[in-house]
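Chain lettering (A, B, C and D) follows the sequence in which the chains are written, and residue indices restart at 1 in each chain.
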Amino acid sequence: MDFNLTEDRQMLSNTVRRYLADQYDFDTRYGVLDAAPFHSPAKWAELSELGLIGAFVPEQQGGFGGTGFDITTIFEELGRGLCPEPMLAALMSARAAADCGAAALVEELVTGGKRIALAVFEPDADSLALIRTSADKSGDHWVLNGRKSVVYGLPGADGVLVAARLDEGLGLFLVENPETVDYAMIDGGGAGELILDSATAICLSENAGDIIESALNAGRLALCAEAVGVMEVLVNMTVDYLKQRTQFGRPIASFQALQHRTVDMAIEMEQCRSITILAASKLGSDAEAKYIAMAKNLIGRAGTMIAEECIQLHGGIGMTWEYPGSHYAKRLMMIDHQLGDHYAQLHRVMAS
Amino acid sequence: MDLSFTPEEEAFRAEVRAFLSENLSPELVRKGRNSESLTKEEMEGWHARLNARGWLAVTWPTEYGGPGWGAVERHIFDEECALANAPRIVPFGLNMLGPVLIKFGTNKQRAEILPRILDGSDWWCQGYSEPGAGSDLASLKTRAVRDGGDYVINGQKTWTTLGQHANKIFCLVRTSTEGKPQEGISFVLVDMDAPGVELRPIKLLEGGHEVNEVFFTDVRVPVENLVGEENKGWTIAKYLLTHERTNIAGVGFSTRDLEKLKDLSQMLVRAGRPLAQDPLFAAEMAEVEIDLEALRVTNLRMLSAAKEGAASGTQSSMLKIKGTVIRQRVLSLTRTALGAAAAPFPVEDLPENAVTVPEDARRAAASYFNNRKLSIFGGSNEIQRNIIAKDLFGG
Amino acid sequence: MDFNLTEDRQMLSNTVRRYLADQYDFDTRYGVLDAAPFHSPAKWAELSELGLIGAFVPEQQGGFGGTGFDITTIFEELGRGLCPEPMLAALMSARAAADCGAAALVEELVTGGKRIALAVFEPDADSLALIRTSADKSGDHWVLNGRKSVVYGLPGADGVLVAARLDEGLGLFLVENPETVDYAMIDGGGAGELILDSATAICLSENAGDIIESALNAGRLALCAEAVGVMEVLVNMTVDYLKQRTQFGRPIASFQALQHRTVDMAIEMEQCRSITILAASKLGSDAEAKYIAMAKNLIGRAGTMIAEECIQLHGGIGMTWEYPGSHYAKRLMMIDHQLGDHYAQLHRVMAS
Amino acid sequence: MDLSFTPEEEAFRAEVRAFLSENLSPELVRKGRNSESLTKEEMEGWHARLNARGWLAVTWPTEYGGPGWGAVERHIFDEECALANAPRIVPFGLNMLGPVLIKFGTNKQRAEILPRILDGSDWWCQGYSEPGAGSDLASLKTRAVRDGGDYVINGQKTWTTLGQHANKIFCLVRTSTEGKPQEGISFVLVDMDAPGVELRPIKLLEGGHEVNEVFFTDVRVPVENLVGEENKGWTIAKYLLTHERTNIAGVGFSTRDLEKLKDLSQMLVRAGRPLAQDPLFAAEMAEVEIDLEALRVTNLRMLSAAKEGAASGTQSSMLKIKGTVIRQRVLSLTRTALGAAAAPFPVEDLPENAVTVPEDARRAAASYFNNRKLSIFGGSNEIQRNIIAKDLFGG
């Protein structure tokens, strides 16, 4: 048993943390929230140069990491820094591309030459079995028809990997220059609707069901780790605020009811950290789906509690745009909406 | 025991419904359903229609233009307004300053100010909270120093709701630093366009602009703008806090929001079936519906006790706590119901084809975040628990 | 709108309250907990004389009450006094007998000449549709075979009304001198297993499905009201204890975390009172089943919270047999186990 | 990051399992599964078997007869014992007095007392709490007055677990009323059969007898029965409280209980189908299983930190809180699972045909009620939250 990060991962963690602290402050973040592509291509390039995307992909597939702990180490820091860069999309698409054996594409992604997104879900399709987007072969290329909804990191992407139905099973296709409707997300970052109206596509795999599910699981794990980073900031902010704010002539940290509620936040945060470590250790194993679903269920439940308590214990100030804590709280809440919420995960656990 | 309304009360309800269906424009209803902000003109227009009917100043005695309703009529009116998605009445002039002037004001103040509240000439806002004094009003620091026939005011107020539309503000200010902190506070009326008054918007976490900071720099107001006695403003503040608060449980709003959620859960597809058929989600909806049914009766019980003169601060604190918990849970479930589609930022110019959810659900996440305020503003739920505890444990 | 009891009901309430306070103290209760019939036949007789059982039955059926509020008024007092007498069995069987038109039997019940129980559920049958106990006509009498489980008030009863399956639908039968296995319940009172091994029976109705369900609903409503009475005692006991107990040199009532938790208990108690009033107002209407299910669901959820918090806030003393509060807490918990728990009720609400 | 145990640790686990399967009698396992109380003889017999193997005093250094385990071995041992339904070790002599004597006792005390704990000659119980001093030990009132070579003790202790089996008791007593309340406390050893010691059982709410009151009336004990310095007993008490508590999260117990619940939910029929197929009940089981999986790792994380010398009071308080919450929730679900059949009082002479539920579920309600103690005794969860808050907020 060893719960310490390896030296390499500790370095990576420190690097990302230092970069975000120095180069991605809240003013930078506010500056990219409103206008497409809802992130900073310049910062994105710098983060790729730090090796983040390579760390998502195993060595034998052209990266230099790829384990569960590589993913959680990085995403915890992205959470701590509340970074709106489209790393989730990068993680999922790079892993899917790698699993399809698309070595050239992976290289472009790892070096930051290209940025792409992964489009799976549709307005009425929140699982692979329900996907209706269709792929048809037309001569030497493929044609896709359908609509993908809330595709993370779509705005400004160089391309998008699309899950589409074949006669049998699901295929994974690369669409370059996609037709999109972009928007900002309420918790930062951008997403979009992908309109596939006889879109020309390159096929990466004609049997990609497992590959896509595996990429989604990596994404879910990443979201859990991001949430843990966010939680740590929120708990610390709450403690600091209660110590500093006075009411009725004394710091409100001296009120026992508020103390106990903060303690419960801290305990849940530790539990979330634990289940995320557990899930990370299972990535790539047969039990991956079950443990990642467990983790994301707990993250969803505890995240709602921590975000709501953080706002409540801050009082009015926690309600304001100007206070960074409110943005951390929004992000934590909305993580539950990504890649299947706590209900969906609980159903997966119950079915496992 | 009889939970039904009298025939007179039912007739009154029908009258309110008829009024609402005649007077509420489709645009107002649409905005209400969609949790969109109203313009100043829309709010003023709605006030004018209510005033024309004599239903605007619901808490005022008839001699000042109130409708002469009891607690039950007010409840019915509030409930029907909520169910019809009517705008909320802006309460600062009508439900706060009005009753204060009626109880503490001079005849001159009443004669001059009340009619202008009714006809919309003045839009009042509230200057209570300060950056260091939220729940703990007694520690407020904004000073008003007597100088000849004027007070000279310096300081800062915050959380001033809809201050951006107001031409007047009533404030609690410190006129003395002697004695207990509560003792040197006065209640004064200030023109927002007086020199030295500056308003700055506060953007809320979901992006909306409802509240403001108001800064006072050497603002002069005539001494006659004092309401009640100098240094006795605390009495007025307490009166307003313990003054029977109308519609504090918000049962009508929660009912309307829950109906919307239930409709939505039939429309949205999750795991290939309507969300309403997911037993876990359906169970949560059913639980909150049960809690709301109970609250409806708790509200009526307390209303009925109030009619008999027995309402207490504890009761309205209980209604506030449970009412906000239930409403926030409904809004949280509504946000959750949308799944991934809750995330798009609901800006006005989002293209139509970006939306994959019903129009009235597009602001679900924003509305959820915005309404975290319910358990914070107007006396946080922690303060309400303190009030009840004082009653339970005898101080 | 009027939330006051009528003068008659107020008198009845006072009478029951005074009787239990004067005649049914905790020592009396402890004295009947261990040995069959697990209640006091003498006290039972006195309670019947006060008119309690008559109050459960409408006038036109031989009683002098029978509305929802008659039931809740009495059961709230039974809860307040933590009375272990088998009133629930009396209520359900008297109403079922009355609905079957068994006027002579009802008269015996109302006057206290006879005490009977109602046996519906079986080890694997927690709803009417699943009942397997069978009734067969044999000459001029009926023969029942099967087993009924956890029949409230069975020990010492003069007879038992039994729900049994006919070729079509359910019948209701009176079995005198039943074969039983009696036991005490962990929260006071007695129950038993009813062994029907070719038991001779009298038929009260051959189409009793609705009658039985209606009796059960009256029983559920009664349990809700009893719970409200118990909750009121528990909340008051908790407040008193916190005021009186000192720790670290001050009354523990001064600790804000404990205050706020007690406040939440008090709020839930008010909510339970409200939903019980609402359910009482619906008894006999088409909406009876739905509103009574709503009430018993909330009672189950809030009752667990109030009972657990009461024990926790009392600390060690709340764990002891000697302290009456622990018995109130046990009763409140176990009410959720009777006639369908909060899950079962929620399913009924969801299906309605 | 590596969550797996080393091959050596896995080998140790196999050794523990083998020991348990050879040494646990079917009757002990049956009682463990059924949450039945053990007799004194059964507990002593189990201690003797562990002692014969050298695995009884798990926290003692090897020189005194401990097995020389680290935190991980202790964890594995505790977990396997729980899963095998082995009896819990009675901790008062072994895990409390033993470490105290090793740290604070004289050589003579160690030489005389420790072997008698190991071989079962003495059964120790604990005299800490008093009716007015539970969580607030500093306010204890039992007096020990020096009289020649003796202390004369008067007062009362309570919540003395298994005191009915004990021949010895270690007590915190007040030897001085000067200075701060903590300063006049001493730690002394008393014979239960000394004149003036009287034990009265306390019946718990579910009907069981585990705890007792102990009364002291002019009880004389020789001064050499003092452990550590006079008036410095608080140091010992604090040492015991903050001394790394073994198995505080109770993960093994919760795991065993949850497995039992899951089995039960497959057997019990509700609404015509196995209870496990009720999505609402299944969801609650799944949630608590997830919480428990997380706690298992939290426990290992903190264990691992302890191995490196970084364990804190906050960590064991967190484990205590979450561990008891989870275990109590499992027991509550088990009680609920039985429906109406949970109500029969689980007396020994209940006829066989009165039981319609599996034997190991018959005490589900009693066990639920009994285990409400988990969040109360040994430092209530409120006290644990205070400890964590002190750490979080810096005192």
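As a working rule, a residue touches a chain if its C-beta (ideal position, glycine included) is under 8 Å from a C-beta of that chain, and two chains touch if they have at least 3 such contacts.
Please read these numbers as outputs of a predicted model, since none were measured by experiment.
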- Task: Could you pull out the chain whose C-alpha mean position is farthest off from that of chain C?
- Result: A
- If you tally contacting C-beta pairs, which comes out ahead, A-D or A-B? Let me know. A-B
- Task: Express in whole angstrom the distance between the two chain centres, defined as the mean CA positions of chain A and chain C.
- Result: 52
- Query: Which integer distance in Å separates the CA centroid of chain C from that of chain D?
  - Reply: 38
- Calculate how many whole Å lie between the centre of chain A and the centre of chain D, each centre taken as the average of the chain's C-alpha atoms. 43
- Message: If a residue has to touch 2 or more other chains to count, which residues of chain C qualify?
- Response: 255-260, 346
- Query: When you check chain D against every other chain, which residues touch at least two of them?
  - Reply: 279-280, 283, 382, 385
- As the complex stands, chain D meets chain B at residues 279-280, 283
- Item | Touching residues on chain D, where the partner in the complex is chain A | 1-6, 9, 72, 279, 282-283, 286-287, 289-291, 293-298, 300-301, 303-305, 318, 321-322, 382, 385-386, 388-389, 392-394
- Message: If we count contacts the way the header does, which residues on chain D are in touch with chain C in the complex?
- Response: 129, 132, 134-136, 139, 158-159, 202-207, 269-272, 278, 280-281, 332, 335-336, 338-347, 350-351, 353-354, 356, 365-366, 368-369, 372-373, 375-377, 380-382, 385
- Note on the structure: So, in the complex, the side of chain C touching chain B is made of residues 1-6, 9, 69, 239, 242-243, 253, 256, 259-260, 262-264, 266-267, 270-275, 277-278, 280-281, 291, 294, 297-298, 301, 346, 349-350
- Task: Please give the residue numbers of chain A that touch chain B in the complex, ascending.
- Result: 121, 123-124, 126-127, 129-130, 149-150, 181-187, 191-193, 195, 246-249, 255, 257-258, 304, 308, 311-312, 315-316, 318-323, 326-327, 329-330, 333-334, 336-339, 341, 343-344, 346-347
